[in-house]
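Chain nomenclature is as follows: A, B, C, D and E, assigned in order of appearance, with residue numbering initiated at 1 for each chain independently.
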Amino acid sequence: MSNELLFAILLQAPLVGFVINGVRFQSKDYKFAGILACSAMAISFACSVILSSRLLSMDPANRHITSTLFDWISAGSFNAEVGFTVDAISAIMILVITGVGFLIHLFSVGYISHDERPSKYFAYLNFFVFNMLLLVLGDNLLVMFVGWEGVGLCSYLLIGFWFTDREKAAAGMKAFITNRIGDAGFLLGIFFLFMEFGTVNFQDLNALAPAASLLSWGEPLVLACLFLFIGACGKSAQIPLYVWLPDAMAGPTPVSALIHAATMVTAGVYMIVRLNSVFMAAPDVMMIIACVGAATALIAASIGVCQNDIKKVLAYSTVSQLGYMFLGVGVGAFMPAMFHLMTHAFFKALMFLGSGSVIHAMHEEQDIRKMGGLKKALPITSFTFTLGWLAIIGIPPFAGFFSKDEILWYSFASDRGAPFLWVIGVIAAGLTAFYMTRLMALTFWGKSRVPADVHPHESPATMTIPLIVLGVLSVVGGWIGIPHVIGAVLPGHPPNLLEGWLHYSVAKITLPQDAHVMEWILMGVSLSVAGLSAIFAYDSYVRNPDRPERLAKRYSRLHNLVYNKYFVDEIYFGRIINPLIEASKGLWVYIDVNFIDKATYQASGFVKSLGSSVRTLQNGNLQTYALYIALGAAIALSFIMG
Amino acid sequence: MSLSVLIFLPLVYALIVWMMPNDRAVRYSSLGFSIFHLGYTLAFLGGFDSATASLQFVERVMWVKGAGIEYFLGMDGISLWLIVLSNFLVPLIVLGSWTSIEKKVGGFHVSLFLLQSTMLGTFLAMDAILFYTFFEASLIPMYFMVGIWGGENRIYASMKFFIYTMFGSLFMLLSIIALMFMTEDQLGAMSSNLLQFYKLQIPFVAGEFLSTQTLLFFGFAIAFAIKVPLFPFHTWLPDAHVQAPTPGSVILAGVMLKMGTYGFMRISLPLFPEATQYWGWVFLVLAVIGIIYGALVAMVQPDMKKLVAYSSVSHMGFVVMGLFAMNAEGLTGGLYQMLNHGVSTGALFLLVGMIYERTHSRKIEDYGGLAPAAPIFTIFFIIVTMSSIAVPMTNGFVGEFLIMLGTFLAYKPFVIFAVLGVVLAATYMLWMVKRVFFGPAGKIVTEWKDKNLDINPREIAVLTPLTILIFWMGIFPNHFLDFSKTSIDHLVKNKSQYFLTIEDAGKAPKGTYSQIGN
Amino acid sequence: MAGDSILFYALSFLIIYFALGVLMNPNPIKAAFNLVLAMVGVAGVFFHLQSGFLGGVQLAVYAGAVMVLFVMVLMIFDLKKERDAFSQGFLGNIGKLLAAGIVVSLVINNVILSSDLQLATSNAAKAESGRDTTKILADLIFTEYVFAFEVLGILLLLVAIGAVSISRIKGGTHADS
Amino acid sequence: MGADLFEIGVNTAKLLVIFLMMVQIVPLLVWVERRGSAYIQNRFGPNRVGPLGLTQLLADAVKFIFKEEFIPDKNRRFIFYAAPVVALIPGALAFAAIPLSIPISVETFELFGQSWGPYTFLFQGYEVGIGIVFVLGVSSLGAYALLMAGYGSSNKYSMFGALRASAQMISYELALGLSLVGILLIFNTFDFQQIIDAQKGQMVIAGNALPLPNWGIFYQPIGFILFVIAVFAETNRLPFDLPEAESELVAGYHTEYGGIKMNMFYIGEYGHMLVASGLMVTFYFGGYNLPWFLPQAEELIASYGNVMAAVILHLVFLAKVGLFLWIFVWVRWTIPRFRYDQLMDLGWKTMLPWALANTIITAIVVFWMRS
Amino acid sequence: MLTVDFVNIGLNHYLILSAIVFVIGMLTVLLRRNLIVMLMGIELMLNAVNITFVAFSHYNQLVNGQVMVFFVMTIAAAEAGVGLAICVSIFKRFKEVNISLFENLRG
């Protein structure tokens, strides 16, 4: 099969699924819809695998397959093609998207079986995958932007899938609008880049980007990076635009798994990695990215500590993990960021699906305070969830350990990094371990707090199989990127496959050579922090369930602050959105109605009064009019003749 | 194929429709005529040569000999799509108003055809006086449309609409006359031919408001700005839209507003290059204010139609911004956005009209939970909403992207504000969608629980072409842009001394009718 | 003094006398009869200026038809007494007289002073012997002025219809007819 | 202007003669009317005074003149007096414009020790280049006499009569004028003299001589009928005598008139008849020309001299006129009066379309023939 | 310097005659209050204009002026027709044709 055909099938399989399911959107036949959607995903996944294997067989230095369909927009000097490229970076992405996507589709078949509109659900899901593939495959910024907005749209539709609930519809809207703010930044970034380089093609851009030079503020390139980062913030839920992601949990849980954990939210990271040469030219921006990423990781993790909604905890954890990724790209750890992106996709999707399974079993109950001791009722779920838990808190040899530690090492050691970033990262890792353990403890371990009328039961096979597969991936997914220091001591010296894979695709960053001791020390510190924190959490929630309350009472102010998510939503609404609406009303009433229109009326009133003052001339007497004519004629004649 | 036929054939339709015996016959014949006319328009599209920037299908007859006023029609890449858009919307309007117009059906279709004729005339006239004539004449049928078939406050709205636009055009007339005298001075013979106007050397003094070019520029610009409408001349628009019947709103938003932007593109920019360059910031500022202001005010509207009307202000602000960027990207985007706005806002008005026809309410607060009650309607509405807020793969994105790109290349700071408009557009539209379609069943949906609220096949037939066009224009914009590319590049390349040629040069104006003219 | 002059002065005297009659006679019917005579005088002037056709038309159309209509209408009205035959208001009337005076004095003054016109009126014109200009007139009407002629025809048609429809408006004394 | 005293004198005398002719023919016509009516109605008429009652006329005239003046008691005296006089004018002016015979040429002669001449005297009051228009214009002034009479009488019958009369005259004037257009088109002139000259000899169509005189009636039969009807209406004769319908309006506009003033109205009316007959003859019956088989003007001049020829042709003219005068009388006593709406219908809905059609057809034919 | 030739009648004399008649007509319109008399004043003015036309036509030996007179007459007739119709309808309603009574637009 030619590459073009592969691309076409890869992209069009979900599109066809979308169209067919979209046309029969009122059908309640979930089996047909599910099988259709899953097979579309399977086909896509197959294509992704074929494409990746073809890449593998190519020259490592020039690994990419490009296919251009048609000129999309051309005006003046601007020209954007609809073209697709798969290279080392996007290959990882499409594999994750289609692979994890397929599993989540499979899971959804069971999950959505009781819903009213399964066809619509699968249509949206397939459409999302299509857009996500556009995003990652697009060989220029504009095609990426299409996917970028398209996934936002699908996210909006899927978050608001149960739109009769006002809160859920509002959550969808919030997600879209917050994303829009980021998109606006993205657009500006595109403009700056186009202005600077005259092209929006990734390869050209990366080629044209100046070698790591220190550009000052105000340079278009720096501004471009800044604005692009704002776009990434919106999509990837970074401070200050992260607020939509926790609310996005209003959507169906598989959606959260696919969109809000595994794929869409990582688009920002992907975009920065895609443009790594450009970003490398703006170290200040990279510093900002790193700081924002670190801050997000820390704050989101801290919020996660006090959440009681199983999905909210996972959501904040996602935000936090995304913070790690940004920390990674901010310090130039592009490969580790991609690595973490991948492993995170595995274990976070796993955990979301697990939580979906729990919620399904608990009859749509999401509050972990009403769970506990589900280990017995849901053995498979519980087991796989545990794998995910181990992965996320970074216990070797689970996937999360390798990727996270790589990022932390870079943040400490790379020339773009700084020790304080590492410190924050470690604290965040500790918090992560704490709240994830708390989640495990409250949900699966300890005593059951399940209400009497609920009888949890294990989910059907279509839901557990994806869990198992993802569980396996969460364990072994990290083994393709074993750091050199660890690889050196392991039997058989496994190489860092991922680094080899991405070697020519990402910019190089200067790392201290021969600092293995340092690396081991740091690894040990972070691991021990996470471990201690996990043990503390276990101790607090399983052994001494009253301790958290005591602590909360003692530090009530702090607890209150964290419990209410630092009041960020309230500040946004109270300080920005509501004033804006009030101001708009004011504009409407005072400017439009009372100023412009009033002014118009004043003008017309002036004309009217002028008219009425001249009206006496118009007294209705014909002969007076005739006199005016006669006088006029006399005067005109005097001018002509006199 | 003759442009005169294209312009005046609707008058024949109007006459025939007028004589139809009953409403049914009026509707069917109008539909047939309008579809035929669309076909006829597409024949022009087929015969259009996109490789040249010259005027095509030119018809030129001396009209008033003494003043050099000509009956001069011509089509180029700038007017082509506006013509197609106008004629595309008319059959949809006829079909869309199938049941919503109940009184004086014949008269309604007559004014629709008259409006069509004048609109086409405006876009095709290449003589300033002829342009002015059509520009003004288009007010009359619109005035009747609002004034007779409009809502409760229709008289007020139609008067406001009429006087506002009339006020602006008077400045234009003055400027045209001034230009005609300039042609007499500079070119030897008085003429109101735009091609002659382009040859004028209009004195410009930077920084001085009273210099000739500046004054003339503002004379035209006020007329067009009111028509567009640009902030702060926009207040007629919400009133007119809210009071107009659905078809009136569609035409008004879809085509008539474009007369203003078309005027900018055809007259202001090429004719007054220095003034445009120098004073462009005024219009950019107004456009940006319009974008943000329109969006903000739209956000808090309690009435769906008014919301859409204010969104027009915002969208047209984008168009003006693109035009005043004065580069190929901006102009292309502006032109494209005119078409987009015609399609998507027209569709929005049609949609609002459809639901209004059933429930007789446009209050957003009366709705809620409409999506389960009217699923097909919801799908169309959301698609059009996406077009309106410029989601990629719909037409809106291409236009807004090019506009902002073009403006960015010329004037960066404005774009940074304009992108807020993109965000706010999403806000007001989605908020409205949320309040109308989502959430628990509202007052109206409860009332209509047992009855069918969804749209019928006729309405689907109205919306389907629009939806297809939304995606077509979004995915394959070059199918459309290729026709205009040459003209726009020509305009950009020669903006300091614009000129236009006639495709078949050597045809001198015929003086056959001058006797009557004198 | 040639016969020419005598005729001119006689006709002028008649015309002005009867025109003043129109102006001064408070009885509208008498004013109308005065006008008829003035028009006959004008017709005489036309004949004298060798525009016989116009003279005849003047007699037939103006004096014969139009004025008969006036008189008929006046007789139908049969105004018992003419109230306020002349407009009141001192200032207004002064203004009116002033305007009229200005116009006439300016015209006369200019006519007398203009040497150009004086030249044009030289006796060269007398040599012209185009006795019957009717044919030329007809040629002109049906060639150069044919459009105006047709337009006038349409105008007359409209006037006929309009006059009928206006005077048939219901109301007043004939409300129920 | 070569006019000298002699010429002026002759022309003035001519005017006087023609006026007197018109005035003097009235008694004769009255006699004819009375006798004729009597004859038609199978009775005697005036037959006591003089031979065939001819001197009855003198008696009537004397009575008219000496009858006491009667004036209505209203302050419209001037108009009341003026009306009969005005009634005379149109007839007289129109009749004076009709050529009664061929011009008379006078050779140079000596008188009072001075040489006079040569002269050419027209056998008509004066020559107007645009004869037809002039006659139409002048005769339309006839309405004023009636209006003045009606108004001056301060009598509602008079008023009604006057209004009817003027409305009728205006209405039929149109048909009258239009019916003449055909003739004008054919003869291509306004001038009476030329019209009459054109009617000489035999009718020739497309080179074929037909056994018909070259008279207008053979070209314009419809025009002639229309003209006759219109003329009847113009002269307020039966069946169009609505203005003086005795049974309705007492006597119409001259209800209040008596004596010499009444007489003047009579003169005016009969003068009108005379003009009408003269016009009919001039337009449709070749004027003073004899039919083609009888000697024509040139032959007569050659054989009898100019003056005698003129007299003969004048007699021919008078004979033709007399015939039509008799027709006027004949019709009066034969056909009953119209109703007013019938009158208007006839005028506007019948005559006018026919006249228009006639005009158009004539125009087409003439255009076709000439080109 | 006024050198008026009273003997040889020329164009000027007709023009002056016309001016005088015109002004008399104008005054009739301005001063008389009877609608019909005002109409008659207009006729007078038109006649005065006709005199100028014919006079110019005669002295310039151009017939075009007479064509104008022809048209003026037609228009005058039309104007009289409509004017009188209006007078009649006014009279029907108000029993009066005095202009001073019709200063307000009322039905």
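The working rule: contacts are C-beta pairs under 8 Å (C-beta built on N, C-alpha and C of every residue); 3 or more make two chains touch, one makes a residue touch a chain.
Small disclaimer: the values here were computed from a predicted structure and weren't measured.
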item: Chains contacting each of subunit C and subunit E, listed by label; value: A
item: Steps needed, at minimum, to go from subunit B to subunit E via contacts; value: 2
item: Partner chains shared by subunit A and subunit E (touch criterion as defined above); value: C
item: Furthest chain, CA centroid comparison against subunit B; value: D
item: Central chain (by mean CA position); value: B
item: Label of the chain whose CA centroid is most distant from the centroid of subunit A; value: D
item: Interface with the most contact pairs, given as the two chains involved; value: C-E
item: Centroid distance [mean C-alpha coordinates] between subunit B and subunit A, Å; value: 38
item: Euclidean distance of C-alpha centroids - subunit C vs subunit D, Å; value: 28
item: CA centroid of subunit A to CA centroid of subunit D, Å; value: 112
item: Separation of mean Cα positions, subunit E and subunit D [Å, integer]; value: 33
item: Contacts with two or more other chains, residues of subunit C listed in rising order; value: 53, 57-58, 65, 69, 76, 87, 96, 99-100, 103, 107
item: Which pairs of chains touch, using the document's own definition; value: A-B, A-C, A-E, C-D, C-E
item: Complex contact set, residues of subunit B against subunit A; value: 163-164, 232, 235, 238, 293, 296-297, 299-301, 327-329, 332-333, 369, 371-372, 375, 379, 386, 391-393, 397-398, 401-402, 404-406, 408-409, 415-416, 419-420, 422-423, 426-427, 430-431, 433-434, 437-441, 475-478, 481, 485, 488-489, 492
item: Subunit A partner contacts - residues on subunit E that touch it in the complex; value: 26, 29-31, 33, 38, 99-100, 102-105
item: Of subunit A, residues touching subunit E in the complex; value: 619-623, 626-627, 630
item: Touch list for subunit D against partner subunit C, complex; value: 1, 79, 128-130, 132-134, 136-138, 140-141, 143-144, 147-148, 150-151, 159, 162-163, 166-167, 169-170, 173, 177, 190-191
item: Complex contact set, residues of subunit A against subunit B; value: 25-26, 70-78, 142, 145-146, 148-150, 153, 156, 160, 163-166, 169-170, 172-173, 176-177, 180-181, 183-185, 187-188, 190-192, 194-195, 580-581, 583-585, 587-588, 591-592, 596-597, 600, 604
